[in-house]
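Following: one structure in structure tokens, then a few remarks.
In order of appearance the chains are A, B, C, D and E, and numbering begins at 1 in each one.
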Amino acid sequence: MGDQLEFIQLEVMVVALGLLVLLADLFLSESARRSLGYLAAGSLGLVFLLSFRGGYTSLVDGEAFGGIYRLDGLALFFKRFFLLTAIFVLVFAVDFASRLRSGVSEYLAFILFALSGMMFAGSANDFSLLFVAIELITVTFYILVSFQRHRMQSLEAGVKYLILGAVSSAFLVYGIALVFGEAGSLKFDAIRDAHARLLQNKVFLFGMLFVFAGLAFKISAFPFQIWAPDVYQGAPTPTTTFLAVGSKAAGFVLLIRLFGSVVPELTEQWTGMLIVVAALTILYGNLCALPQRNLKRLLAYSGIANAGYLLMGIVAQSDNGTAAILYYLVGYLFTLVAAFMIINLVTREGEGEDISCLAGLNKRSPFLAVALTLCAVSLAGIPPLAGFFGKFLLVKSVAAEAFGNTGYFALLAVAVFGVVVSIYYYFGIIRTIYWSKDTLDNSPVAIAWPTRMVLGLCVAAILYLGILPDKPINWANAATKIETK
Amino acid sequence: MNTAAWLILLLPLFSAVVIGLGAFRSRKASAVISIGAVTGSFLLTLLLVAFGGELHPSVTWLAIGGLQIDIGLQIDQLSKLMLCVVTGVGSLIHIFSLGYMKEDRDFSRYFAFLSLFIFSMLGIVLADNFVMMFIFWELVGVSSYLLIGFWFEKPSAADAAKKAFLTNRVGDFGFLLGILMVWAALGSVGFADLAKSVSGGTATITGLAGFLIFCGAMGKSAQAPLHVWLPDAMEGPTPVSALIHAATMVAAGVYMLCRVFFLIDGTWAMEAIAWIGGLTSLMAALMAVQQDDIKRILAYSTLSQLGYMVMAVGLGSPDAAMFHLTTHASFKALLFLGAGSVIVALHHEQDIWKMGGLRDRMPKTYWTFLIGTMALCGVPLFSGFFSKEAILDVALENNILLFFVAVFVALLTTFYMTRLFVVAFMGEPRSVHAEQAKESPAVMTVPLLVLAVPSVLAGYFYAHAPNPLVLAASLVVVVFGMLVANTLYSGAKADPLPAKLGLLAKALRQRFWFDEIYQWLIDQVQENLAKLADAIDRWVIAGLLVRGTHGTTELAARVLRLAQTGNLQTYAFWFAAGMAALLVFTLS
Amino acid sequence: MEPTLSQYLLVSGALFAIGLLGVIVRRNLLIIYMSLELMLNAANVALVAMSRFNEKAETALDGQVMVFFIITVAAAEVSVGLALIVALYRKRQTTDVADLATMKL
Amino acid sequence: MEGTLFNIFAGLTVLSALLVVANPFSRNPVTSALFLVTTMISISGLFVLLGAYFLAAVQILVYAGAVMVLFLFVIMLLDLREAARRKLNLVSLAMGIMAVGALFSVYKSSIESKYGEASQQQEVAADTGQAAAKVVGSTRALGQALFSGDNGFILPFEIVSILLLVAMVGVILLSRKEPR
Amino acid sequence: MDWLLIIVMLPLLAAVAVGFVPGRQRRVIRGITVGASGLSLLCALIAFLSFEIDGELKFETKVLWVESLGLYFHLAADGINIGIILMGAIVAFAAACCADDITHRVKEFHILLNVMIGGILGAFASMDLFFFYFFHELALVPTFIMIGVWGRGANRNYATYKITLYLSLGALLALIGLIGVYVQTGEESFSIPDLIDKVGKKPINEAAQQWIFPLLMFGFGILVSLWPFHTWAPLGYGAAPTATAMLHAGVLKKFGLYGIIRVAIPMAPIGAQSWLGVLAWLALANLLYCGLVAVRQKDLNLLIGNSSVAHMGFIFLGIASLNVIGLTGAVLVMIAHGLLAALAFGLSGHLYRQTGSLDMSRMGGLLRQMPLAGSALLMALFAGCGLPGFANFAGEITIFFAAWSAGLKTITVIAAWSALVIGSLYMMRAIRSILHGPLGGDWTKASDLSPLVATALGLLLAALLVFGFAPGLLTKGIEGEVTKIVRLAKPEAER
């Protein structure tokens, strides 16, 4: 038991931190509470650093709790990824505190609890852990989304997310039930052994498809993308960020584990379906983003499109594809955090997030203007930024398989079309920043120093990932190599 | 000697460049450099003629794979003759220009262009291969363009320049294709190599290739149907008309045909060339009969004479063609310069019906002009007599029909030249300017006098036994033409012919409506094609395809997002429907 | 005769379908939550049946453990959902989903 | 005996589930809630048939006992008579039935392809052969499966406890009176 | 000496340097740009003159960049790109000199301009496919912004979007093709020499080639305004600021052609053989159709733009001939047209600045008003219709010979017609309505070229003439490299 706890030490620390934050709220004064978020972020930073400790990394490739929990390269990579995301979101949340009006400490604690769920999900090697971790994330997000009770939109988003989320949970568990019945076990290892003889078993296939649907909901892939725009728009912006990056990444780590290593032969059998899903996701996201004027909603649609690009890595069914997903996700993390932070800084409460609020940003704050431009350019996939390299790796992984399957070419064509369409609307953002005539106000934007630091870090990371991709690629490769051993 | 050969070519280029780069600031320097260059070339030419044998210096210009293009100078009998013509006549015209262009504010530019032209023309003359010839062919076109459009602010001049260039380009199109075909068939573009393979009997070119090469000549030498630019080209300064549109550039086509005669000889192209030449000469002569502009009459006469030469080539006698080319160069330059002298004296009045009585007022011009006229008409003992006779001779031998055409043309030539001469120089002055006309200064009259010498004597250098029949015919024609014209126009105040000939005269005055037909053709074909392309670009590609794609995308976007109704139940429905679709897709 | 696995599965499937239909068709949020409960319970039935008819004895009970988790999670979900309904009702005096469409397109 | 009981419980489950969703006689949420209880109880009956005794008890305790009370509380709290009168949208009903029908028919055919008539015999044979192995979800067995450290589900169990904590705090936050 | 590294880095460093200069110091900013590009030009000239033709790569800089992908920062010169780099440096210098017509947000403009110059030079200097693409994008993005912010005319927005989307589409298709090459050769190296080496030993399988080549052909083709993907070009250049139009039309656009010659043909020769016929017909469409469209234009920039599209037809035709003569001619025309396009857009920019419009029907007689600019324009237009003496002619005639010998006879005939007749038709019309005739409108205040701009444009003109008189300066090096490519593409024919 003791050494098993060692495996989950990071998660335990995070949960403990969450509990501490909840408790601290009772004893701290109003002014001290403000720095609670920074404190929590700092502590998470510590946890993040601890994840590099030799004592912890030596556990990699080990299993605990009877094989339910697996700590391998992939899991470790994602744990760090989630930690990083949460640090940024916590800093963001402090910025956002005034708009939450009440329950700020609880908000912070929930972020930490959701984080622990994501970290567990990264290590899930059993359907029961998968389900429980996902539910921890989802249920926490129900609350995080509807946290601004004074805003109708937040409540509406919460209800929508809750109902659709519950439906998707139902699909997931129903799928799990069928898979359990046919494979005889909830454990991934057992399913891996059994699945080759189940490839024609329709009940098993039915179950796996339901599981896929449950995960596709998380990553907002077509046809389960429909919730994303409304929820992204209505939710408090830090929640949106966390949802767009963390929750999506949690979906992906499970997809990678399940479809990449547990049932690879089934994935191959389903290549056609995956291509169609990826292509439609790209198309839907990009096309719907085209006439969109609300920035958060725009990013939601673009998030759908990005899920489609990421699915290309799953479709590729290779280590390179997986590594590309990891790389892309990291780039996406920095880009999206920066973008949402800037949108939050620029817009005012109650005014909505219409794109016109960016007008004249280059005069109000050249730093923010440049940073947001970099984000948009990176999302559009133009070198030398993170987004380009991520897309490059994804396309490469698909192209490597393409000669021999025309479907891959169709997917590539759709991806190209999607990127071109996306350039149109990302370019619209840049256009509004720099050469829009109707500037509403010219007041400079005040930025707190931790926010500034996070933004600076994000910009640096976007550039780093685009210009010096060697090391990150190696990390991503290492994370995938260990996992499939 | 090789250096001398290169210098002949490069001196005028040097002059043009120097004037263009800075010497233009001084009028005097420009003139001195330019005239120096051309006379230098002339002297070097004489040097070559006197001492040089056949020379063939060359450098590689471009060599890629199987394509080798040299810049080389082929100096042989033919090119020496032509060199003499070009540099000799050129020198005189340069000097004449000193007087003619004295008042012009773009004096330096004029001389730069003139030098450029001489350079280009010498390039054609010296070229030892097709591509080099084509290069200078084009350069001649451009320098002629620049000179015709010298007074570019005058719309008519600018238009004429444009027309000349474009018409030439149509000919060049054929020329280029001809070169390509020759290269493809014989594997080289050098005249020496080609001659070797043709004489070795290893290969020949097709008639089509020959005809295409002739297309080049058709443009430059203004053969029908590409003759329309030459009369308009008279918008340029008169010395330019004399130099380019009488003596040299227009002769280039004939020269080129002679140069590559060995290639086209024996193909069906010869027949076509002969007929086109004959018809051009006939048509041009007819049109000359009813022109009133002194320079235009000369221009049509030039056309007509070029037709002679081309016909001679087509009938298999490049010698006769070159002979006529040489004599024609001198007397036509003389005529043009004479006309220029008259025009200057009359303050740029060009209508012959506003002249008259110039005999007494401009005696030198009068006499030299008379010599030129006689030579052109083919009055015995003048140079034109011998060369024209040589051509008639060839025609009689080879094609009797063309012989009659040629004789008729000779008659017309005498007629319209006499008309011109009688109306412009004899009788009483018909305008104030004509009354006050004074003889031109020496700088202009001396070249006239100098040119008069070869106009008389050039015929004696060509040994040729005359055919009595031809002799008789040409004599009759000359006498008859002169008499008729003299009776008709002596003392006339206006042209009596339009009244007598009616529609025919109108057709002649309107130059058989060639320009109108071309304009119509261009409007109908070229402009409509352009309109069509533009419309396709605007409406189909930029409109239907691009905006269509854009519109479809936009529409798809707007339709797709209708799915996002905001209603939870719809969302749940999409969810279930999507799931069902996925299931059906994967499981069945 | 003893009921077969497929009979159990059909019952659970029917339950699932009815629940899904309820989510799609009913507009009262409360009823939608009840339908969601039906869907989750359908999974429970399937899991227990699968567990009963499992070929591998050693992992057969896993299904029932899973049901235990599902019941707990469902309870948590319902409580959050009901709290949300209460908050919504306070703001808008409605539980009809048709009134929740301020964000669209 | 088992067959009959199954038919009764199964029929009751489906019927009352239908009545939860679409009751032709009443639109009152309270009715739906009561039929939900019926469904839950029938399901626990099915659990008993399947040997999951502990779960059957938990089912009744949690659903009939806790969840239903919660539902009823909220219904009473909100006083929903007004909303109950709204009409059903026929188009959405038809489309919903179509989508769900498609889903169910694919499900049914999948089940039949696996457990259909032909394979039924083998299945039964296999079942009888392993009849002894049929698991019984007694409290002890389940407890051992849940809490054993090395081979059990202690970790998910603990995570569920975090989940419950989150839900609890969240419910308090959400249902607290709005600030200002 | 690593001349290429210096050539590429100077403008990029200048961009950084400009970043530190306060925006009000316009003269300093312009000085930095002109100075940097001037130095770059000087280095390029030295490199060009000291370049020895022996089939080896010269002035190499090779740094391992991403080991896991086999990606190098690799700059090097060979016979093909040394000429293009020199041309690029000349145009860059000229563009920098002509950039003084920008009066607002000068600092930003010059940063972008320098980045664009660096990107352009880098793209042609790169021997690694990744950086080849990367530098191209580095140059492309500033183009969009420059047109968007500093562009002119009512169509600016539409033009910006159009050019952005078109070029992005082209670049993406090409990228996929490049990735295809990379993946098919074993995912070990992006280096062009390595790849050529590999392909020479073991060609990419045929089915893959049939995909890769069209991807590269159309991708690169869109970048070069291949018919029917050409409509962005006239519109974009019409709206672009002078320096941008000069750089893009002059140099950056050639990237696509360079890519086809450098990558597409040697990597996918079998694909090339089945697709070059299509390319030849599209080239014809470029020549004939765009020529006809140019005839109808009333706006000088649209005319130059369309004519520039038409000129691309020559290069495509040269490429489609797929023989040494044709490819050499194609590269020659690339260089010549680069200089010419820059010259033409530089002059039209000057005219626009002086007269506020480029509507040809309202101009006239400008030769008298501004003799320098007028003469230069005259020469540019002459060069545009393929006058001997200018480098364009040498390339074009080479291409005619190549196309004819490659058996594309019908196409050659029509191409010659459109080059000689239609080309001169619209050029003559332009001269007639802009320069000739009586002085139109109220241009009395219009002034001639400033000394700086005159020098810059004079340099372009001089280069055109030098390469026109001595095309051997370029062709010797090009021929050697092109022969290697043709040998790869057509092992059986050595011509």
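In this text, a contact is a pair of C-beta atoms (placed from the backbone, for glycine too) under 8 Å apart; a residue touches a chain by one contact, two chains touch by 3 or more.
Please read all numbers here as calculations on a predicted model, not as lab measurements.
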item	value
Touching chain B and also chain D, the following chains	A, C
Reference chain B; chain at largest CA-centroid distance	D
Pair of chains with maximal C-beta contact number	C-D
Chain located farthest away, centre of chain E as origin (C-alpha)	D
Centre-most chain, if every chain is reduced to its averaged C-alpha atoms	E
Intercentroid distance (Cα basis), chain E paired with chain C, Å	64
Separation of mean Cα positions, chain D and chain C [Å, integer]	6
Distance between the centres, which are taken as Cα means, of chain E and chain B, whole angstrom	36
Whole-Å gap separating chain A and chain D, where each centre is the average of the chain's CA atoms	31
Shared interface positions of chain E, touching two or more other chains	none
Junction residues of chain B, two or more chains touched	561, 564, 566, 568-569, 572-573, 576-577, 579, 583, 587
In chain A, residues with contacts to at least two other chains	128, 131-132, 135, 139, 142-143, 146, 149, 159-160, 163, 167, 202-203, 205-206, 229-230
Full enumeration of touching chain pairs	A-B, A-C, A-D, A-E, B-C, B-D, B-E, C-D
Chain D residues touching chain A - in the complex, by the definition given at the top	106-107, 109-111, 113-115, 148-156, 159-160, 162-163, 165-167, 169-170, 173-174, 176, 178-180
Sites on chain C touched by chain D in the complex	1-11, 13-22, 24-28, 30-31, 33-35, 37-38, 41, 44-45, 48-49, 51-55, 57, 60-62, 64-65, 67-69, 71-80, 82-87, 89-91, 94-96, 98
Parts of chain B lying in touch with chain E, wherever the complex brings them together	60-67, 131, 134-136, 138-139, 142, 149, 152-153, 155, 158-159, 161-162, 165-166, 169-170, 172-173, 176-177, 180-181, 183-184, 526-527, 529-534, 536-537, 541-542, 545-546
Parts of chain B lying in touch with chain C, wherever the complex brings them together	561-562, 564-569, 572-573, 576
Chain E-touching residues of chain A, taken from the complex the two chains share	377, 382-384, 388, 392, 395-396, 399-400, 402-403, 409, 412, 416, 419-420, 423-424, 427, 430-431, 434-435, 469-470, 473-474, 477
